[in-house]
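See structure below.
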Amino acid sequence: MSNLDIYMPILMLLLLGVLLVGITVVLISKVVRPHNPNPVKEQAYECGEDPVGSAWSLFNMRFYVTGLIFIIFDVESALMFPVVAVFKSMNEIGLGGLVLIELIIFITILVAGLAYCWRKGDLDWVKSYKMSEDSKEGTGIEND
Amino acid sequence: MMGLASYLIISTILFICGVIAILARKNIIAILLGLELILNASALNFVAYTRFLNNSIDGHIFSLFIIVIAAAEAAVALAIVLRFYQIRETVHIDDATQLQG
Amino acid sequence: MFDLTLFFISAVLTVIGAIMVITTKDLMHACIYLLASFLGMAGLYLTLGADFVAAIQLLVYVGGVVILMVFAVMLTGGPHAQKQNKFGMIKTALMGNIRTYTIGGLTAVVVLLMMVKLYISIFKNYTAGELPNYLPTVERIGKSLITDHVLAFEISSVLLLGALIGAAIIARPRKNRIN
Amino acid sequence: MTDTIVSYLAKFGPFKDLLEFLTESYGANGPTLFAFLIFLVGVIIIVTILSTIGGLGTYAERKISADMQLRMGPNRVGPYGILQFLADGVKMLMKEDIVPKDVDRLLFFIAPMLALTGVFGTLAVIPFSSGFTLTDLNVGVVYLIGISSLVGLAIFLGGYASNSKWSMLGGMRGASQIISYEIPIVLSILAVVLLSGGLSFGVITRAQGGWPHEWFIFHNPFTFIGFFVLFIGSLAETNRAPFDLPEAESELVSGYHTEFTGMRFAFFALAEYIEVFVVCGVTAALFLGGYQVPFNLGGDTIWGQLLQLGAFFSKTLALYYFVIVIRWTLPRLRVDQLMTMCWKYLIPIALFNLVGAGVWMWLFKGKSLFVLLFKSGTAAAGIH
Amino acid sequence: MDYTIANIAPIVLLPFLAFVIGSFTAKKFPKFTGIMVCVAIFGSFLLSARIFADFVFNQYSADYYIHKTFTWFDLGPTFKLNLGIYIDQMSAMLLLMVSGVGFLIHLFATYYMGEDKRYARYMIYMSLFTAGMLGVALSDNLLSFFMFWEVMGFCSYSLIGFYYEREAPGDASMKAFMTTRIGDVFFLFGLLIVWNVTTQVNGQGSFTFVDLYNVIANGGFDGQMLLGIPLATFAGLCFFMGTIGKSAQFPLQIWLPDAMQGPTPTSALIHAATMVAAGVYLSLRVYPVLEAGHLLVFVSYIGAITAFGAATMALVQTDIKAVLAYSTISQLGFMVLGVGVGNYNAAFMHLITHAVFKACLFLSSGSVIHSLHDHHTGGHVQEMPRMGGLRKKMPYTAFVMVICSLAISGVPFFSGFVSKDRILGEALIMGLKNPVYSLPMVLGFVAALLTAFYMFRMIFLTFYGAPRDQELFDHCHTEKFSFNRNLPLLILSLFTLGLWYSGSLTGQGLVKFPGVENKEWFQTLIEKPDAHHLAKFKNYKSQAWGKVDVKPAIDFSKSHYDPTHGLSAEEAHHAHTLHLYGAVGSIFIAFLGIFLAYLMYIRKSLNPGWWATTFSGWYQTLKNKYYFDHFYIDVLIKKVLFKFQDFIAWVDMGIWDRIFIDGWANVNNFFSYWARKFDDVVVDTIGVDGTGAGVRFFNLVLRTLQSGKIQFYFVVIFLVMASYLLTLRVA
């Protein structure tokens, strides 16, 4: 058994997920289900009113800001995983303090970013929205 | 079949795809997609060389940092794109004609 | 046997995904193809014995970057926004005029030549030796992150801090001004 | 060598014979074929069982809510209405598959697929027992987090593809909620990894013990808090009440799956219910000792494995019950409360926990609170 | 115990760090900042006390010293700057005094400034100041000495002008800063000379004291002349100008009285106890240079004139702090006189004793001022004519102040007597031996008389008699004992007793403890750096920072008190006799002064008003501080400097502008004519138009490239890069 065989169930499960949906939706249910479309059915459901415009319109920036902070944290945690994983073995040979200090420095810098965003209101769902009307104070960049 | 050559070819294809996306797509976000492809191609090269040429761990760490930097780059670049869009209401790259924003 | 299968599936997913990214018109679809390409890339990492890098590829790209891209597509007016520019001119999807095509073609030829030259030498000189076994990488990565590469490790957090603050400043909602 | 179901089963006589037979017949590919067969059977069994559990989950939900509200709940199909989920499934299969005019057809097809794929992908590393884990990857935890984030993407794409404003809102909310709550989850898991010293579920589970005081939840005060952070985050990650904003029926009709009908909707629902089971299982494995039974009863024998399965499932199902009770007890959060809770409470707490757990490990040489309180330091060396 | 960076550097760094941290916390946590500063200085005090204990309690002999250096920066073989520490008995005592007195003053400041709105800022300035002074005490070289000296200058500027809302403190701070700068400029000259001489002698420039001593011991100054003056004289003069500026000696004494505009603990710390002492300390450190430059007579004259002049001015002051300020100048004059008459030991002793009792006096006056609150103006009252009878209201302060006044007046059993009378006795010896010294001798004794008089004038006016401003008196609260108001005072006053400084209570052998007659530790331990002392620096080797002290090869023997001071028995007897006369005389003088004050202000049998009217001319002169301020401003600046300025302006406008600038313009005109010709023909026609044509031509080419389309640029970049890679030879 070569080493890569351990990844076999993952591939199987992913393929199973794809195939299950594909086969069921495309084949089986096509056989058994009814199919009689009409224009009203094919409208997007907006509580019975006719839809106005596409739904693919603009959304608020705050969604992006959330995603932005998320991805930074995601990457930081990705970097922390191996360090944290070796912490225990390092601790047993007496280097735990060193790893801990490195980790704490890392986390502190991370927290500084979080604190900045907190302070500037990026974490406030409602206030950051209001800020766009009120003032451009605290945005950091001045525009003409 | 699973030699160094095949990995290099795959990464070359990815790289060329990325370059084409950068050169030919007009939507800035599409260009960023191309950039991600290029970064992935280089990360793949690092890991492949590490496996086939020397068995140290440094290639993995390098690709790890490439992933980190790619994520940071994507975050900042997309923020710039969004800012640009808010000002110009377009993400067409040929509309980015002024340095001031 | 399975390693070949995994390699083949991953390679196909990666290459097809990448090609679809640059050919599809719909930006949202391009993001999905990019996702496919990333998944395939994770598979390729697995075949190279880089299990941790593969997992991080999943975590960061699939879970983070693609979602961010998709958000950005949504926030810039959806995938089909602005076929026209401000003056009502149709924007070209590709580069445009004969001059750019010429230079582009030239570039393609030169790049091709360069690749051929590079790869010929690589394939000629590289002989596959005894490949090492697949070893667990997490321990080794962790150890070198806290010893040899500790500076890079810490500096990367500064980089991310900078990215976070910079991007947050740029992306913060403000009063819109249209020039 | 990573523990898999294959390496476990290969110890037993019949399987050993099969392995030898395959090796003789197919040479070097024999073990792979052997693994393929066992994995295939294992995957099919596990998917079947979990789909059933997911289906039963809908039943349990209705029954428990009925109990809490002094109703009967489903009681027509089968004894006590236990086959209700099968009836629902058949109904779903028979429903018309309505694809609205303006949808993005590709994504409309891919979204449920991604949701199901993401959830199925996680099943590969769930530690049901020491032997019956499909594959115990070295990077199991990271893999699990990564692959399950496909669900968030699926929810967004589902909302996007529908081209309906309700769906779009639900999808946006869902995606941002899921990515936000991923952070506290990851940080809590990091604390557990720090205690156990490995990224695989096997290592993490083996670092704990059968008795409650050996579980990580009671290891130190920080993990005790970390458990709740993880649990709350998991609730949000699976869009369960009180975090069911993406599908808040009183606000957004039905959220991101407003436009999905028939089997497509069924797959979304199935994915959600299986995911609840998965996160409960993960929580149990990370904090509640997973499959560990006291005295390691039975050991590697098949009876021991069954005991371990029993331990794992009982812990997981207890959490599952708890999740359902929470859903019918708590009111839904507002969207700003949701974000505040995540970014201003859970994440700082989780970061603090991580550092605190590290300091605890460093100060007390990895001894748990119980050991420090009730046993001498020398006796403690044997535990970890 | 060894001296390493870990237990030396915190002495300076603790107050400095308190300053740094305090500057961040001052706004938000003023109370915390104040406590932190006090704790930091107490830490310095503990470390200093340990050094003191090492040096004084018999671990090291009298001429032992510790000198450790590290390289600050290294610019090649000839220019290498070392910094380091130099600790000998004198530094050890100074460290203990500065940190101890500084700590008590800080403690008092928490009381005095506690309600001020900029309390924390005040405390951190004080902290920085203390760091500077401790740095001066530890410096092994003149350069770092100068740097810390300037740190103190800055702090003194900030602290004098602490109430910058008012005009007077602002002016006073500016005045203090500018006046001391004059001395500092000369000090810098001195540094250059030292560098130059050490370069000549050792081949490598250095600022360290030991190198300076080394150079002097090896005769490095011999025969060196500058502008016809011996170089040693020049250097000594430069350093002594630093002393004059910093220690407010004649003729630069004008800044110190004005410096009383700062809060009273500032006055105590800076303008009485420590900073002004730094100037004297400089003189003591460079004493061999002064001696080599034959400057001691000059020094003694400056000191005596200062002592006498300031004392006379103090007679007529009505502001309680002004009296103390002039007395400070006067006492500094005594110290300088001590240096001048060659009684190195007594000068340093007076520095220490004066620091203690003057700090105590200032703090007591602060205590008085703080409790006298004028409800009409809303400010505190400093004028003595409005006081009187205050001993009933503040018994502790009155007691302490009387003790300290006794000390400063030179009453036996107090520290002032021990130190001052040794200076006066030496002056007496020198005056009788050498007629040149007779004027300093006389002035010194007169100044001592005046000192006793004006100090007790102040005491009587403040604490005795009937209250002259009943309303103010009634508003004054009765003093309650509090740890940060009275405790520092009491501790300081405890150390004004003479027995701490001398085994014989009086320092003159008049009254002795049984069995301790040889414990004149001050005289034993502080060695005058004369030729004998300097000899050990002849083969000096510097020692780098390390973990362990490397003791010098020469094993210094333990020193013991030499009652003959190295003189022959006959001379020693002579000297002792003269000292005895001097002591008796000065005791008499002290009591005479006190008695005069008693007559004038308690018995009122002598009317001060009569004296003031009779000698109104002198009175006005003294009131106006001998017209020094007028002289400097009206004469020196307005008449001389402005004239000089006019002259310079005339040179600039009349000569330089007219001849050089205008002449240059003419030359330019000439050349510009030809340049224009050249421009028209060669440049315009050929160059510009030709370039234009060229540009138009290249424009055609470049226009295609410069399209503004960024992706086109990318294509070009890729093309170029790929082409470049194509040309590379692949291994």
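Read from first to last, the chains carry the letters A, B, C, D and E; within each, the first residue is number 1.
Note that in this section a residue touches a chain if its C-beta (ideal position, glycine included) is under 8 Å from a C-beta of that chain, and two chains touch if they have at least 3 such contacts.
Values in this document were obtained by computation on a predicted structure and should not be read as measured data.
Participant: For chain C and chain D, which third chains touch each of them?
Facilitator: Looking at chain D and chain C together, the chains touching each of them are A.
Participant: What's the overlap between the neighbours of chain B and those of chain D?
Facilitator: A chain counts here if it touches both chain B and chain D, which gives A, C.
Participant: Check C-E against B-E and say which one is joined by more contacting C-beta pairs.
Facilitator: Looking at contacts between chains, C-E has the larger number.
Participant: As a test of understanding: of all chains, whose mean C-alpha position lies farthest from that of chain E?
Facilitator: Chain D.
Participant: Calculate how many whole Å lie between the centre of chain A and the centre of chain E, each centre taken as the average of the chain's C-alpha atoms.
Facilitator: The answer is 65 Å.
Participant: Quick check: how many Å separate the C-alpha centres of chain B and chain C?
Facilitator: Inter-chain centre distance comes to 4 Å.
Participant: Using mean C-alpha positions as chain centres, tell me how far chain A is from chain D in Å, no decimals.
Facilitator: Using C-alpha averages as centres, the distance is 18 Å.
Participant: Distance between chain A and chain B based on Cα centroids, please, to the nearest Å.
Facilitator: Spacing between the chain centres: roughly 20 Å.
Participant: Multi-chain contacts only, two chains or more: what residues does chain C have there?
Facilitator: Within chain C, the residues that touch at least two other chains are 2-3, 47, 49, 52, 56-57, 59-60, 63-65, 67-68, 71-72, 74-75, 77, 95, 104, 111, 137-138, 141, 145, 156, 160, 163-164, 167-168, 170-171, 174, 176-177.
Participant: On chain E, where are the residues touching two or more other chains?
Facilitator: 709, 711, 715, 718
Participant: If you look at chain A, which of its residues touch at least two other chains?
Facilitator: 2, 5, 7-8, 54, 56, 59, 61, 63-64, 67-72, 74-75, 78-79, 81, 84-86, 89, 99, 110, 143
Participant: Which pairs of chains touch each other?
Facilitator: Per the contact definition above, the touching pairs are A-B, A-C, A-D, B-C, B-E, C-D, C-E.
Participant: In their shared complex, at which residues does chain C touch chain D?
Facilitator: Spelled out, the residues of chain C in touch with chain D are 1-2, 26, 28-29, 32, 35, 51-52, 54-59, 62-64, 66-67, 70-71, 74, 136-138.
Participant: For the complex, give me every residue of chain A touching chain B.
Facilitator: Within the complex, chain A touches chain B at residues 61, 64, 68, 71-72, 74-75, 78-79, 143-144.
Participant: Flag every residue of chain C that touches chain E in the complex, lowest number first.
Facilitator: Result: residues 95, 99-100, 103-104, 106-107, 110-111, 113-114, 117-118, 121, 125 of chain C touch chain E.
Participant: Which positions of chain B touch chain A when the two form their complex?
Facilitator: 64, 67-68, 71-72, 74-75, 78-79, 82, 86, 100-101
Participant: Which positions of chain D touch chain C when the two form their complex?
Facilitator: Residue positions touching the partner: 29, 32-33, 35-36, 104, 106-107, 110, 137-139, 142-143, 145-147, 149-150, 152-153, 156-157, 160, 172, 175, 179, 182, 198-199.
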